[in-house]
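In what comes next, subunit A is part of two complexes: it sits with subunit B in the first one and with subunit C in the second one.
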Partner chain A sequence: MAEAMGFFTDTTVCIGCKACEVACKSWNQLPAREGGQPELSGISYDNTVQLSGTTWRHVKFIEQFDGPYNGRWLMMSDVCKHCVQAGCIEVCPTGAIIRTEFDTVVIQSDVCNGCRACIAGCPFGVIDMNPVSGTAQKCTLCYDRMSVGLEPACSKACPTDSIQFGPIDDLRRRAQTRLEQLQSQGETRAQLYGADPEGPVGGLNSFYLLVDEPEVYGLPSQPKLPSRNLASSAAGSVVGAAVLGAVGLVTLRKRRSEDVAESERGGQPRA
Partner chain B sequence: MGGSRVPDTFFTTPPEWTWWIIFYFFIGGIAGGSFFIASLLYLFGRPSDRPVVRLGYYVAFVGVVISGILLILDLHRPLRFWHMLIESNTGNLMFKSWTPMSIGSWGLLLFGLFAALAALSAAREEERVRWGPGFVVGRGFRTVVAIIGGILGFFLAGYTGVLLSVSNRPVWADSPMLGALFLISAASTAAATLILLGRRRDAVDAASLGKLAEFDKWALILELVAIVVFLVTLGAAVQVFLSVWGVLLVLGVIGAGILLPLAIGMGWVKRWSTKPATAAVLVLVGGFLLRVVTLLSSEQVHIAGHRVISP
Partner chain C sequence: MYPRNLEHSDCFVIMGSNMAECHPVAFRWPMKAKMNGAKLIHVDPRFTRTSANCDIHAPIRAGSDIAFLGGLINYVINSERWNTDPFFREYVVSYTNAATIVSDDFKDTEDLEGVFSGLVQYTEKPEWPYNAFVGSYQPASWQYKSPSVQGQGEQVAPTARSGEQKAAQGPQAGQPAGGPTGPQPPAPLSWDDVVRSLKRPPPQRDPTLQNPRCAFQITKRHFARYTPEVVEQITGCPQAKFLQVAETLLQNSGADRTSAFAYAVAWTQHTYGVQMISCCALLQLLLGNMGRPGGGIMALRGHAAIQGSTDVPTLYHSIHGYMSHPTVLKKHDTLRDFITTETPSGGYYANLPKFMVSYLKSFYGAAATRENNWGYDWHPKIIGDHSHMAMMAAMEEGKVKGMICVGQNPATSLNGSSQRAAMRKLEWMVVKDNWMTETATQWYSAPEIKNGDVKVADINTEVFFFPSTQIAEYDGSFTNTQRMLQWHFKAADAPGDCKTDTWFYYHLGKRLKRAYENSSAARDQGWKNTVWDYDREPAETAGEISDEPDELKILREIAGFQTADPTKHLAGFGELKDDGSTTCASWIYCGCYPAPGRNLTARRQPDPPGAPGAHLNWGWAWPANRRVMYNRASADPQGRPWSERKRWVWWDGSAANAPNAQTGAPTPAGKWIGYDVPDFALTKAPNAQPRPDGIGLDAMSGLDAFIMKPDGKGWLYVPSGLVDGPLPTHYEPVESPVQNLLYPKQQTSPVYKHWAKAKNYNQVARVGDPDYPHVITTYRLTEHYLAGAMSRWLPWLSELMPELFIEMGRALADEKGIRNLDWVKIKTPRSEIRAKALVTDRIGVMNIAGKRVHHVGMPWHWGWEGLSTGDVVNDLTSWVGDPNVSIHEGKAFLCNVEKD
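The block that comes next holds the complex of A and B.
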């Protein structure tokens, strides 16, 4: 396997220009929504609203305002986290989702049959259906560009280097330096999300620097794998089956009272 | 807006498993349940129960065929349904023992095979058909089909709940009880189906129907217990039911689908107590609503921007 590659996204320098979002759509030739009609979200200055099968990068605007002049904007360019232990790979029944030589996670569109298990399995709500292909789609970390030594389109386009691309070990060192810098400047809320290989889902190959709790950014605090529920849920079913089987044996088996009733009608008690 | 109180499962995207899947869970449950009830009656019941056994096998066979069609229709690329069974790019068998949808695909296929064999055997017994190998009416063959098919029936009835739980979606992944709950509900709805269909067939013994009603009563009591445990184990995710879905759960699933038929079965409702068919219809309605409520309550929750939108 080649070196593990990924993104480090420093949300503190994101200016919300959406160059990454546009670069992603254009490189991957992702179709417009609603035939390109302008759409307003009505809940934010952000009109894309969420990641989807046709939007593989999405810049979230978190508008934290008490009054018109009192508050702050948080910007975060969201994308597939390329989990080291990926929930989507776990649940896919066709084997469409693979881990590449760059330790990234890619959905093979020619294998996917659109069952949507991966959508329910991703702890971050990243995957969705692409209505044109009829398959589940998401960021590939520009597998095609990486295979020929190019940088992914989004990080290439990012004017502030909020999105940094490179070998994971390198990125972790850079993130640690930046975290310490922010903390020494008094930004005590600064924290890394997904940078710890010992952390949830084995760490994220696309990890973040945040300046508030993960939930504020729409991220789960403890992402988990779907398989955590397999043993308990299966055990519950087995217990249910055993109890039902016992109830069935008691209520459905032959009874003496039936024998009596049957012989009164002149039938044979036991054939 | 204390962010930390939002359960982690709320930060995910709904898979849009809606009406095809709701009908599949309902019909697949009846198919699996009918088969295991028929197996129990065949293995431990009386010869006079045979008409119900045959009926159970027919229901299982028709149900599994409909189930397969519903599942294929739900795929966004239906012609690739076989990718669940065979790796499309290598031709090897596709099987993941840790993925309920993968196990379920094979389980459904195997169950379909046994349901077909059992239905053929039943049709030969009644002389509705005359073709097929003679051994299908043999005693040993039937016993083997009843045992293996019965186990697969339990599997089909329960794996759907496990499939929902092995995810990161609200409600589904928040409780380990869905597998057991769907299994028990499959038993009650299957018994209700057999009661309703059995009443119309002359060959069916009244004593067999009485046993089914008795079985159904206990299944409903178990179902009530399972729903309570399910709600308790949900933890913070139970807030999803502080909505129209909670109302439907309490009034539709528990009230109309469990308590009312139980009361009729016990003879407490004087006006209706002579009509076991009324109770059976209510059980079916309740079982259907259970699938509607568990699927759609979760489907309502999604993220928009950084906000969680829930009912």
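The block that comes next holds the complex of A and C.
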């Protein structure tokens, strides 16, 4: 496998310009929502609202104010996290979702049967259906560009290097340095999200520098995989099977005794 | 100042701009500075995407910027640091006009309750009654004090407007355009003696800065009342916040630290916008931040090639390279008159005759001879204000018959409904654009047509639409905000009949040449003699448009060549001559194309990572590929870098020099060198004295860092060139909720412009008008571009900001019962429009001298065409504007807001 690649998104230098969203749609030829004519959302400057099968980048705008002019405005470009242990891969029944040689997670549209299991399986709500293709879609980390040595469209377009692309180990070092710089400047809430390979889901290959709790940015502090319930649900299945078997046996016996009674009355046996 | 240089800044103040939002790519560099530990400050009525990334956001009421800047000036001048650190005194005395003594006749606003000496009533001339000044200054008393009374004031640089009204009331006033009568002597072989005859004794200086009439003391007294308390009362900015800004700025200026400012149209679109910028320049000179790495003022232009459009120019009042446009309002009757009126004897601009004669040669080619004064009499003259609003006011009165509209959307522009009414008076109109913009369709789909107020059948305008190419569909150049020319190449063929602007104008010109070729009328001779030959060589034709003009021929004419041999291009404006032997349309662009095949604007070679350079091999910046102007000031008076950290350009006393090219005499050792192209006579030593009989740079000393100024000094006090005063003064916008606290007897600038003042469509609200109680400002968003022609038709951009909105604070929303996303009516004396409410704490109520003032804001990108549509916000604005540059006051006016 080639070196693990990914994104480090430093939200403290995001200016909310949405160049990443447009670059993503342009490179991947994704349609605008409602022909480019959705209604104003009213949620700050965010009219994209969520990631979807046709929107693989989403800049969030979080207004934290206590009265006029008194507060801060957080911006963060959200994207597929390319989890090291990916929930979507776990649940995909057709093998359409693969881990690439760059340690990224890609849905192969030609293998996807549109069952939607991955939509429920993603702990971040990243995946959705693309109504044009009829399959589940999400960020590919520009697999096609990476394959020929180009960086993904979004990080290429980012004017302030809020989205940084590179080998994960390198990105983690950069993130740690920036974190320490911010903390030394008094930003005590600064924290990395998903940079720890020992952390939830084995770390994220698209990780973040935040200046507040993850929930403020709409991120789960403890993302969970579908397989977390595997043991208990397996046990449940055994019990369930036993119960069903017993019920089946009883039913069968009952039917047979009824059939015997019917034939004894001179009727035709059931087919 | 250029954006990349911001990475060297220690403090960066953004004021009058929403840089992160409107210049996101350039904002890369302030973010780099921030990573390096720089402090970022945003002073703005709104908390924007820019504020979100700054260390400090200081909210101020729209239009109160001079009060804030004046407060900073007062704070700096009286601070301990400024008075004890020797750097500031040394910089200010050596490089600014602080020590220069001003005329005894000058009276300040402090003496005259809000106006300067020389205020007179303005009366319009009958020929073109659209100058629209509400008053006028006679600036004679503003000049430097001269040792002799005679010739007083002749040492200062004339600019486009200076002297205009003086001449207008003199004997030439009212003379129609068309040139003088009677024969004139031929132009001289050299204009040097003419320029030398303009020489006057240098103005008096007091380097101790103690003289009460020196520019420094006048400035100090002028701003003495701009205390933190007064700043808070006028601007609404809490004192603590103001002091935090002042202290941060002061601590980050000095020998070892530099601070920069950036502004955009939120400083220009006022009735005193030029004075806001002037005020910032004054502050930056006091802080010693000019001409130094990471210092200065960055003017963020609103469009990729706006800088180029004013350089080349589309401005009505200047010709190429910011030379004044010949006008009947000044003594410009002959070429000699023009040159004696416009040329200072000192400073680099003393070379104006060379620039002008080379320009006339580019205009008229072989027909321009010494005998006919290089064809000057053929050159058109302006007769007054021909700016956008003056033109529209005339159009509305039926005095303009036709209009060609390219790259503009006036149907949604300032006081839009009036502009649409004006365009309906035209006989014909050409619109050339990428899409059918509101200007192209207003005759059948404007709001007033839809609601039945105007009937299509009553409009007699014939409208022609020409589809236009986009930027990636042709070769050409941008000149963007850092004065840098960058060549761009065609990437794709344009669809259908789309043509370039160069194609359109070139072929229009060719047809007009044919139309007039048999005319013998005197007024047509200039047009007949105009050089108009940019045909592509047959071998070069390629692509779909075979009759496209040759862009490089156009560039060659702009950049200059030897008249006798057009294949010999000019290496720089130092080669320009005033004897007709050089041809060059724009002296400031001279040298960007120094040889056939060497188009320096097409260079793409950055400096290596970590190198301290100015990226001199990336594109080409005017003047002379210089990136930081006046960079002599980056060295101390002895020519050494002010500090190692702020090294940029310095004097190398040991460098050997080639002998004088003309005389062969040896040149003493010593040379200016550095990371940038030095902005100084290369071999002039720091201790050099001016030559007594010298003109131009020879008249300057080794300390005269500001070489374009006739006295070589940065101007704290502006003795000439501005029509609204030598010092910035706080006035209220024309529409204001409060009385001018500083000068109760003078509410507004005494000389602003108000076009169509008597007309119903351009009425303004009175001071504190209860019908229009809220301050409104207009602005742009990242997601859309200007009037929307390049964004509202594009689904990927439209979806990001799909509808028009008004941003308002929670207090106002609660007061009016308005919830987020409710429809709201916004009303001014000009118009009423609708928009959805975006209720937020990023804008809100301010305390202005005890009065609660609500602030609201609206982006102005919308119109009724395209995918994303909305009401025309500019229908709300008025035709009042700045007296120097005729821009409208779109950033601060009054409105009312109601739930719909």
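The rule we apply is simple: the second predicted complex is superposed on the first by the 236 of 271 C-alpha atoms of A that agree within 3 Å, B and C clash if a C-alpha of one lies under 4 Å from a C-alpha of the other, contacts with A are read in each partner's own complex, and residues count from 1 in each chain.
Following the convention adopted for this analysis, a residue touches a chain if its C-beta (ideal position, glycine included) is under 8 Å from a C-beta of that chain, and two chains touch if they have at least 3 such contacts.
Computed from a predicted model, the values in this text were never measured in an experiment.
Undergrad: Please work out whether A:Leu150 is in contact with subunit B alone, subunit C alone, both, or neither, and reply first, second, both or neither.
TA: Neither partner.
Undergrad: Between subunit B and subunit C, whom does A:Val132 touch in the aligned arrangement: first, second, both, or neither?
TA: Neither partner.
Undergrad: Examine A:Ala2 and indicate which partner it touches, taking first as subunit B and second as subunit C; both and neither are also allowed.
TA: A:Ala2 sits against neither subunit B nor subunit C.
Undergrad: Compare subunit B and subunit C by how many residues of subunit A each one touches, and report the one with more.
TA: Partner touching more subunit A residues in the overlay: B.
Undergrad: Which of the two partners, first being subunit B and second being subunit C, lies in contact with A:Ser26: first, second, both, or neither?
TA: second
Undergrad: Determine, under the contact definition given at the top, whether A:Ser44 touches first (subunit B), second (subunit C), both, or neither.
TA: Both partners, subunit B and subunit C.
Undergrad: Counting contacts the way the document defines them, which residues of subunit A are shared by the two interfaces, the one with subunit B and the one with subunit C?
TA: The overlap between the subunit B and subunit C interfaces on subunit A comprises residues 44.
Undergrad: Sort out for me which residues of subunit B touch subunit A in the complex.
TA: Within the complex, subunit B contacts subunit A at residues 3-4, 6, 8-9, 11-17, 36-37, 40-41, 44-49, 74-78, 80-81, 83-84, 87-89, 94, 96, 98-102, 105, 154, 158-159, 161-169, 172-173, 176-181, 183-184, 187, 207, 211-212, 214-215, 218-219, 222, 226, 302-308.
Undergrad: Enumerate the contact residues on subunit A facing subunit C in the complex.
TA: Counting only subunit A, the residues touching subunit C are 13, 15-19, 21-22, 25-26, 31-40, 42, 44-45, 47-48, 63, 65-75, 159-161, 181.
Undergrad: How about subunit A: which of its residues touch subunit B in the complex?
TA: So the residues of subunit A in touch with subunit B come to 41, 43-44, 46, 49-51, 60-62, 76, 87, 90-96, 108, 110-117, 119-129, 134-135, 213-224, 226-227, 229-230, 232-237, 239-241, 243-245, 247-254, 258, 261-262, 267, 270-271.
Undergrad: If you look only at subunit C, which of its residues touch subunit A in the complex?
TA: Going through subunit C, the ones touching subunit A are 20-21, 24-25, 27-28, 31, 34-35, 47, 49-53, 57, 59, 781-783, 794-803, 805, 809-811, 820-821, 836, 838, 840-845, 867-868.
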